[in-house]
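Order as written gives the chain letters A, B, C, D and E; numbering starts at 1 within each chain.
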Amino acid sequence: MSAHAFLTVEDLHAGYGAGKVLHGIGFDVAEGEICAVLGPNGAGKTTLLRALCGMIRTEGVLRLDGVALPRRRPESVARMGVAHVPEGRGTFAPLSVAENLRLGAYTRRDRAAVAEDIERVYDYFPVLRERRAQAAGSLSGGEQQMVAIGRALMSRPRLILLDEPSLGLAPLVTRELFQIVRAVNERERTTVILVEQNAHLTLEFAHRAHVLETGRVVLSGAAADIRADAQVARAYLGIEG
Amino acid sequence: MLEVSGLTVRFGGITALDHVGFTVRPGDMVGLIGPNGAGKTTLFNCLTRRYQADEGTVRWDGADLLAVAPHAIVAMGIARTFQNLGLFPELSVRDNVLVGAHRHAKAGFLSAALRLPSVRREEAALRAEADALLDRLDLAAVADHPAAGLPFGTLKRIELARALAARPRLLLLDEPCNGLSHGEVDEFAALLRALREERELTVIVVEHHMGFVMGICDRVVCLEFGSKIADGTPAEVQNDQAVRDAYLGAAA
Amino acid sequence: MADFIQQLVEGLGAGAIYASLALALVLIYRFTGIVNFAQGEMAMFATFIAWQLVQAGVPFWLALGATLAIAFGGGMLIERVVIRPVEGAPELALVIVTLGLFILVNAAAGWIWSFLIKDFPSPFPGGALDAGGVHLSYSTLGVLGVVAVVMGLLYILFRYTKIGLAMRAVASNPASARLLGIRVSGVLALGWGLAALVGAVSGVLVAPVLFLEPTMMGGVLIYAFAAATLGGFDSPVGAVVGGLVVGIAETLAGAYVGVIGSDLKIGVPLAVIIGVLLFRPQGLFGRAAVERA
Amino acid sequence: GRGEDGATTAGDGTCQGQQTTGITDDAVKLGGIYPLSGPTSAYGEIPKGVKAYFDYLNAEKGGVNGRKIEYIVRDDGYQPPKSVEEARRLNEQDNVFALFQTLGTPTSSAVMEYANQRQVPQVFVSSGASKWGADPVKHPWTIGWQPSYLSEGRIYGQYLERERPSAKVAILYQNDDYGKDLRTGFVEEIAGSGVTVVAEQTYEATDPSVDPQMRNLAGSGADVFLNITTPKFGSQALAADAANTAWNPLHIINNVASSNTVLKPVGFDKVQNIVSAAFLKDPSDPQWADDPEMALYEAKMAQYAPGLDTKNAFYSLGWASAGAMEKALAAMQCPTREGLMAAVRGLSDVRSDLLLPGVTMNTGPQDGYPIETLQLQRFQGERWNLFGEPIDTRKAG
Amino acid sequence: MSDVDIPRTARLAVPSATALRRLAVALVAVAACVAPFQLEPFRVFQLTMVLVYAVALLGLNLLVGHAGQISLGHGGFFAIGAYTAAVMLDRWDTPHVLTLPAAMAVTFALGFGLGVPALRLRGLYLALVTMTIAIFLVPLLKRFESVTGGSMGLTLSRPEPPSWTGLAEDQWLYFLALAVATAAGLAVWSLLRSRVGRALHAVRDNEIAAEVMGVRLARYKTLAFAWSAMLAGAAGAVNTWVIAFVSPDSFTVNLSILLLAGIVVGGLGSTFGPLLGGAFVLFVPTLAQDVNQAAPGVVFGVVIILIMYVAPRGLAGLAGRGGRFLDQALRKK
């Protein structure tokens, strides 16, 4: 079945130094799918995303569009069309907002289209337009989160990894964010892996979902099914009703 | 009692706070909400003297807070947590918390270097207190772990523990629920309520998690573009049209 | 008065030399975020290569071109072999590695070429401009001109090019830069290559004035550090202004301030630096770090 | 208790009870300390000349009096504490017979107390400071070799008093003991004469260049320039003088920087008629091309230290001082440390290879300066021309 | 401020590593007391010098490793300590012991004075300014010849072993240095395990947060600078006792640079870093010339680079890793 999957993860192990965090994760993501990864604090969600894009050493099978990923450095993974909104946002603090966004399109050559895309990001997050010449490090937390998301979109990725993108965003913006992600997903068939604490909203929005606990997948299924099954939702996600 | 009035902060062309005023009574739990960039963190930064206010006054228990040196804020009974974490990554969790208790000890370079008995007694007392706090916040298991490399939610809790170690009367929490799942948010709300009782805290909490804010706060203040646009009970603020337009959106 | 102007001119000449190496220091700092103690020695080594080529009969300008190319390649090689294995180590560990490199390159040059001084041809014509009793040698003019050009090029590189932007990103947050597909190692290697090249230019400018030998750049490095510190470690304009200020301050102090005398004149640029840094801790042209709670 | 050096004391006859550490009937062990690393490593070339000489001696002459010389070289990086450490290593670990050549004033000073306390010969210190011979009573175990900087300075003073009695002099000197000694000798000599110092500048050995100093001196209107510098700065000062067409003083350069290898990079045409004083033959000077001592030096260097540029005056200096050491060893009555000190303190008109004609080594119980003769020379064409008589500073002083 | 999250390996503190460490400390202590009676005088002298450098590095470690400020000028404080002792010995024949507190007082005061402006400077800028000051010190020492002996330096006496000890001079010097090093080591160790140490670490890791928690940045940074200078000064004084000679050339900027290299190689912020660093400073140059006399610098440079490859956190880190490995191996059994 993994033959047609856009992203294949099989028996993935990863960790930091001596400490193992992921103990044999496996799932597939189809092209154009929005795939949610849920789970409690410390379950290894961030670690999974780091493993996917080569930030940490891994063992096991990782294939993107048929190409094996392990042993690739993050820059090569990025050049294969993977964008990552990392935990902690990774802002280039001394650079301006506009420069941060331009860097998102670093691997692209089409300058005119890049300029357009920057405008589009400004349309998504109008406050960034006002702040475009300001050092990104001086922005508010939420504004920096917008920069990180905008920057990831700037590369026109085929796969986008979102690590708690709604962190620090105002409720209204969070809603908008989900709209944006869906729009990008639909318009450009961008595959999305979404790590979120807001399970409610996430399940409403994702196609499939995987629940992680202490480095293992404990539940996989169509997002709608998981959401519908109140018992499951309560057991694994603490969602009431 | 905290009285903020006419507080204004500008950065170049941006007015991050624009004549903001409100008061917080002892024992209150006040929610501070508002769109991204509204000036919530900036307000905290003024209260803790990270930023210089351009106009306005802040009085705390009758004293002019804006005249206090940054390091002396904590001695006024004010402690805070940071939105993006301000931990000491190479220190163990316990030491992070012990730094929070810095002001409750006296040892100086010389007495510490000589390891005078008074220093040892003081140290033992601090440790006991810190360990109790770690227990209370369920952090005992990671007490000896360096702060770097722990999950985000845990780090937020360590920050809270560190702030509490200062034995504050006014606690400023900047988005404490970040990175917590639904269930964890509820647990945290319960914990915070309990702590407030136990320690007679006055709390101002910035949070975008509306369930949390509306559930726990006695009062909510909403900022937009640096100005206060609403101030009232959670229910009042939640139904305020300006707040809905600017912040909550229709669906909230 | 003419004498005073003459002193100024001399100060400019000395300052331009310090500035030339300071530019290389700034370059590598912007790319990699570290100070490179070996910068001067790398420049000296490159100059020896040029000298060797000229000795072997290669025409001067050709030898110069070849040397710059070799320096560029050598810088990249150093990054690859010496620096990359410690990439990600604490900053000071990297600085100490460059210190090791300093000692190594210096000793190697002495071993290969001995410590006998060598005469290195000047790329500029001899003679001087004479205006109202003030001498301005073509060589000083030439050095100033080259320094100005290098500064301009670096300014453009930092400010207006994509690689310049990538480089600032890498220096600010390498982990994030990687996630955007920036080949951090490549950028760092390029930084070392370019810094070695700019350093080689400096060496070639310095050698005809100071004579070529393995310790040629030792003193210059100290002054170049001073220049970069004064100007702000991340600004090419700062490096040049810093270099000129240090050169002039030192020269005038040595000439006019009796009590100081030539033995203590190095104290004057030092005082200038401390004075300036107390008011601008990031140097004259440096950027203050963005910091917010 | 422990802590005394492990020196065995033996000897027979008149030599009874003297130290025989490091010497046997067929071998003698010497140790030298030089900066082989760090900014002054240029001096690290000297021991290569020494070594070549001893190798030649061992191989072709069977050593000295049947004793092969073992010569150990240590690096102190020109740091006095390190010099002490290395001196102790040589004495206590390697059990050398004597410290032959410790290079530099501060470094040798640091060693001097140790050497005298432990009664280790510290012979032919490679430095022209006057302290090595100043107090044979307090420091009987230390002795210098080359003419002192003080006397060299005096010679230039005398020369000017004679040739330019109303000279106005500008001085550039290195800000350390060496520069100050030479300057002092000069200034003391001209005191009360018509020769006056009108400008002085110093430089630090770590300075990049002496150009600024040179310009300040040029402004002084002096008609004589006394150049008290080490080789690199010597070249810089010569070049600066040559470049300044508006100032054309009589240029006197001190012996340290008078080698042709210093002049050549500047360009011989630019250093015509400069004056200096010498006590050794300069291998880069064509006038010695046919000199048998020089020929031997060239030949044996090529044989025992192949690949070295024999024109480098540091090699010939090493060679010459090794020759002097050979003479001292040969003159020993007792094959003991005491015997060596007696020998080096009893040199009378001893010549060794590469000393200028007329220059000999002389010492006495109260005279701790082996070489005190220098000869003035003027650079013409591509060579130095000696002029006048060799000057014995003992008599002249 | 820094919200970057670079994955880093957690350096877990294994509890029983402390037991192992105590054992190591005990062994080192015993060895330190026995050594001078077992080794040749020359080796004893070398160990004495290791201790001298270790004291200076303790100071540098306090500043760089624990307070996060970089100094490239500690050779200067070392020199001032050395000269303070030397001048007292030379002019007033002061008993040796008294020169130590004097040297410490002088360097403490100077360190404090310099620490105030140094407060405003960060990282690199502070490093380079301190370096320039160290460079300036050399001509300054030469200038005031009547006091300092100028460039000729001063030759002094060594402290004599009291006869009741029955010790030789080298042994006596060794024990003096050991006493100073032990006292300094214990003082620093206690300091770091107190509120003060935590505050310094907090300042190093995150100034803003430290200040919010009530740490007075100015006070802690200045005092860290002063204490650090004082320890370098103490080392300088002991150096004068041991070497019995001071000259400006003993304290060029190379010494400052070598000291910084020593502490980085030894292990910044680690307990035994200064000792290992002291051994590095003393032994590696010697080793280098044994390997290649033609160009010892080549070897020295390569060794520095190799050590940083193998142990980017210094030799102490390497030893620590070894210790943990041993510990784990032992526990498996």
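Rule of thumb we're sticking to: contacts are C-beta pairs under 8 Å (C-beta built on N, C-alpha and C of every residue); 3 or more make two chains touch, one makes a residue touch a chain.
Going by UniProt, the chains are A, B = ABC transporter ATP-binding protein; C, E = Branched-chain amino acid ABC transporter permease.
This is a predicted model, so every value here is computed, not measured.
Engineer: Enumerate, in label order, the chains that touch subunit D and subunit E alike.
Structural biologist: Output, common partners of subunit D and subunit E: C.
Engineer: Among the chains, which is located farthest from subunit B on the basis of C-alpha centroids?
Structural biologist: When every chain centre is compared against subunit B, the largest gap points to D.
Engineer: Could you state the distance in Å from the CA-based centre of subunit C to that of subunit E?
Structural biologist: Averaging C-alpha atoms per chain gives centres 31 Å apart.
Engineer: Averaging only over C-alpha atoms, locate the centres of subunit B and subunit D and give their separation in whole Å.
Structural biologist: The computed centroid separation for subunit B versus subunit D comes out at 74 Å.
Engineer: Mind checking the centre-to-centre distance between subunit B and subunit E? Centres are C-alpha means, answer in whole Å.
Structural biologist: 40
Engineer: How big is the gap, in whole Å, between where the Cα atoms of subunit A centre and where those of subunit B centre?
Structural biologist: A distance of 29 Å separates the two centres.
Engineer: For subunit D, jot down the residues that touch at least 2 other chains.
Structural biologist: Within subunit D, the residues that touch at least two other chains are 37, 39, 41, 175, 204, 206.
Engineer: Hey, what residues on subunit E touch two or more of the other chains?
Structural biologist: 1, 3-5, 7-10, 12, 135, 139, 142, 208, 212, 253, 294-297, 300
Engineer: What are the residue numbers in subunit C that touch two or more other chains?
Structural biologist: 103, 107, 110, 173, 175-176, 222, 263, 266, 289, 291-293
Engineer: Applying the document's contact rule, which stretches of subunit C touch subunit E when the two form their complex?
Structural biologist: Listed in rising order, the residues of subunit C that touch subunit E are 35, 37, 82, 85-86, 88-90, 92-97, 99-108, 110-111, 173, 175-176, 222, 225-226, 228-229, 233, 263-264, 266-267, 270, 273-274, 277-278, 281-283, 289, 291-293.
Engineer: Where on subunit B is subunit A touching in the complex?
Structural biologist: Those in contact with subunit A are residues 11, 14, 34-38, 40-42, 83-84, 149-154, 175, 178-184, 186, 208, 210, 246-249, 251-252.
Engineer: What part of subunit D is in contact with subunit E in the complex they form?
Structural biologist: 1-6, 36-39, 41, 73-75, 77-82, 84-85, 88-89, 92-93, 105-107, 109-110, 112-113, 129, 131, 175-177, 180, 204, 206
Engineer: Which part of subunit D faces subunit C closely enough to touch in the complex?
Structural biologist: For this pair, the touching residues of subunit D are 37, 39, 41-42, 44-45, 175, 201-204, 206-209, 211-213, 215-216, 219, 231-232, 235-236, 239, 243, 261-262, 264-267, 309, 312.
Engineer: Of all residues in subunit E, which touch subunit D in the complex?
Structural biologist: Where subunit E meets subunit D, its residues are 37, 40-42, 44-46, 49, 135, 138-139, 142, 150-153, 155, 166-171, 239, 243-245, 247-250, 252-255, 282, 285-286, 288-289, 293-297, 300.
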